[in-house]
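Take a look at the structures below.
Each of the next two complexes has chain A plus one other chain: chain B in the first, chain C in the second.
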Partner chain A sequence: MKILVVSLLRIGDLILHQEIIRSIRREHPTGRISCLINDTVVAACDLIPEVDEWIIFDRKDLQKKMNQRQRWIFLPVLCIENLIHELKSRQFDQVVNLTHSVISGHFCALLKSVNTEVRGLCLDSDGKMIQDLSSVQRTQAMSYFNHQWSVEKMPLLHYTEILSLVSGYSLDHLAPTLERGKKSSVISFQILTSDERKHFDLEKWFDLIFFLKQKMPSFEMQILCSLEEANQMEKNIDTISQRKLGSAFQGLKVTACSLFESIELIQQSAVFISHDTSLLHLAARTATPIVQISLGASHIYKTSSISAGTVVLTARRSCFPCAHQGSCHLPKFECHEDIRPEDLLSAIQFQLEKNQHELLSSLSMVQIVDGLWWLQNKSQRNFSIKQALYFSLGGQLQSGQFSKGVSFESRNSESFNATIG
Partner chain B sequence: MDLVEKFVTQVTEKDDVILLGAESIEQFEKLRNNAGSFCVLERKESEVQSLQKRGLKSFLVRSIDESLEFFISEIDELKLQNMFVIVNPTSSDVDLEFYQKIETLLTGRSSYSFELHLTLLGQRKIQDLKKANQLLHLNQGLAIVDRNQFSISEKHLYSILDEISG
Partner chain C sequence: MNQEIQNLLTLRLDELKKRFPQYTSADTNSNPKMIAVKILAELIKEQIPGDETSNEKTL
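Right, the complex of A and B next:
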């Protein structure tokens, strides 16, 4: 069995896609898995051992070729044609599109044939979605993904779950894959993001570190960043420490590391605090307790850490979360005001002192929303998958029964009570 | 047959080709043999002189308005029936304002059929036009040839490139 996984997004997405790739490997232990990725995510390849072959789509280079005056104008066409030719020559039995973008939809259409099944988004030449007639469930899931999930503020399924349904590869083993490191007295942070809307203010980060130093003097603080970010990070610390807190930052470590190295550092941390970034999703593979900050376009229901027991601090504004693409319509990022360093301190204390990981291992996700604990257990998650599929059939949400032992009662999609039994 | 060749074979002596900017002349010079008339509008005097030395019909234009004047005179005096306008879209002097003006100019003249053919590199420009709803009566998503004549796989290919450039 030769399978191509199409993952043409960013590193964080690829890491989330790994759950599906693992499932593919479980189902086809002797199969050959190839993965088509953007050139910008090559750094993450070492993290995904289930893939036998990486095929790089050099999008940046293609863009450059398209915009250079002196280039032969059809060079970009030729580049794409060559890539398609190369992919077709591998004679894949199955293409699993985990990307859900127009580009990937057209790529898959070019690869689809009598001998190559496509799972996930596939577009016709007019850009319309091609129905997957081989599976009713996958078709329903795709319909839900396409028409509802992407616009819903409180969708019923996590991004990974919807991809699982769309691809037909189940997510039965979401437990952390890496053992917890030896008991550590290091608190690690990932404080930079590429999207300023998601970015918790640097000064607040340092206020938090100051509080932590006072409350938990036995813990070391460590900021994780990429090699490219290291200089900027050092400068930030110098500037802020000179301005307000002086010696409080003595001993604060900035560790520049690769993605691969960061796993070990997170594994050995007592707790890891992060925005919705690739490191967050990487941390979900470890058993280290996580505190996640969800601001701007970071969607708590769609792309939060899938690690059991993650505490998610979110904004409360009605405009939150904002659209994935675009910019904030307000003069300043008001949602950033919703989370204070003190809130983060409480969340960290909770993760450290209550040692809840064992306790919550049966729970899928824990979040703090508007200061309330919101728990969802696995039974409810299974239930919500059924409910999502029910929506995709065009059903109205009323009291009813899906299958033996599962009934539901609800007024709207945002609040429902499930009874399992 | 590559797409330039495909385009070249589509152009007949009934067609008049106007190339905006001399940058892509290498690719399109072949059209001289096929087209009814072929000329280049260029802003650099030295380029115009060099083209003229090579026997290519070329005109010096210094601004958008001058380009438009040229079009008006060509339309009125030469009674062009089927005009292909080829632009090198990376050229900074061919901007949205020009497209809009030329479109307005030609739309009002119902006796003339007008086709705007953009080179592939014009995809970004097409995106701009789409966003500005300026592609109302032009063939949708133009590349080097009318997309309606593309094969299915070419349509997919160009949709990918549209996305990348957009």
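Right, the complex of A and C next:
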């Protein structure tokens, strides 16, 4: 069995796609899994051992060439055509498109044949979806994905769940795959993202670190960043240290690391705090407690950490979450005001001490969701999200405390079927 | 993105239409070259800010 997985998005998406890839591997233990990815995510390949072969789409390189006046337009066309021929020559038995985009839809259209089944998006010449008639459930799921899920503010399903339904590969075995390191006294942060709407400004982070230093002097603080971000981060810390109480930042470590190295560092942390980033999704593989901050275009129901027990702090503005593409229509990112450093401090303390009472009494402005635990508890999917919160935080929450959660009356497969049916 | 590059990308799209006029027509799904042109057109569109037809993320 030769299977092609199409994953033409970013690193965070690829890491989420791994859950489906694992499922494919379980179902086809001796099959050959190839994966088509963008050239921008090659750094994540080592993290996904289930894939036998990586096929690279030189998206960034092609786009760069199109920005150069002297470049000939036939060459990029030829490059893509060659890739198409290469893909076709492999004669895959199945193509699983985990990328709901026009480009992936075009690729899949050409690969579809009598001998090659395509699961997921496939587009015809007019750009319309080609229906997958071999499975009613997958067809319904695709219809829901395309017409409702993409625009819903509170969809019934997480991104990984909808991909599971669209592809027909189940998520029954979701669980941390990495052991927790020895008990640590390091608190790790990932504080930058690729989208400024999704992350706090640095001042706010340093206010938090200042609080943490006061409240938890025995803990070391560590900022994780990529090699490219390291210099800028050091400069920012110097600038802010000079303006604020510099001593609070003594010993604050900036660790530049690769994705692969970051896993070990997260494993060895007492708690990991992150925005919606690829590291957040990597951290979900470990058993390290996570605090997630969801701002701007970061969608709590669609792309939160799939790690059970994650504490998610979210904005509450009516415009939150904003569209993935585009920019904020307000003069400043007002949703960032919804979460205070004090709230983060409480969430971190909760994850370290599991002191539920203190957490709830201190959080007045933010919503908190205790992870997407239902992904791991399929047998209990009849709980609503309110009940999920109630359940996972020990049954002591008051109803009505979570305005978004209350409207989730039933997050179960029956209501999903009713919706997409 | 500066205006010069935006203009260049718009010219690139026009050039694609001129060189491969059939790429926007129906029944091109079995033609690798036309699919390649469509994909390249998408790669160009997604770099042009505010282009409503650019749609890398979702349909």
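The working rule: the second predicted complex is superposed on the first by the 354 of 421 C-alpha atoms of A that agree within 3 Å, B and C clash if a C-alpha of one lies under 4 Å from a C-alpha of the other, contacts with A are read in each partner's own complex, and residues count from 1 in each chain.
Everything that follows uses one rule, which is that a contact is a pair of C-beta atoms (placed from the backbone, for glycine too) under 8 Å apart; a residue touches a chain by one contact, two chains touch by 3 or more.
Computed from a predicted structure; not experimentally measured.
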When chain B and chain C are modelled together on chain A, clash or fit: clash
Which of chain B and chain C A:194 touches, first, second, both or neither: neither
Touched partner set for A:77, first chain B, second chain C, both or neither: both
Partner chain in contact with A:107 - chain B first, chain C second, else both or neither: both
Superposed model, chain A: greater residue contact from chain B or chain C: C
First (chain B), second (chain C), both or neither touched by A:121: second
Which superposed partner A:242 touches (first chain B, second chain C, both, neither): neither
Shared chain A contacts, counted only where both chain B and chain C touch the same residue: 59, 62-63, 66-67, 69, 73-74, 76-77, 80-81, 84, 101-103, 106-107, 109-110, 125-126
Residues of chain A defined as touching chain C within the complex: 59, 62-63, 66-67, 69, 73-74, 76-78, 80-81, 84-85, 88, 100-103, 105-107, 109-110, 121, 124-126, 129, 146, 150, 324-325
Complex contacts: residues of chain B adjacent to chain A: 2-4, 23-24, 27, 88, 90-91, 119-121, 123-124, 152-153, 155-161, 163-165
Contact set on chain C toward chain A in their complex: 5, 8-9, 12, 15-16, 19-20, 25-30, 32-33, 35-40, 42-44, 47, 55-59
Of all residues in chain A, those that touch chain B in their complex: 59, 62-63, 66-69, 72-74, 76-77, 80-81, 84, 101-103, 106-107, 109-110, 123, 125-127
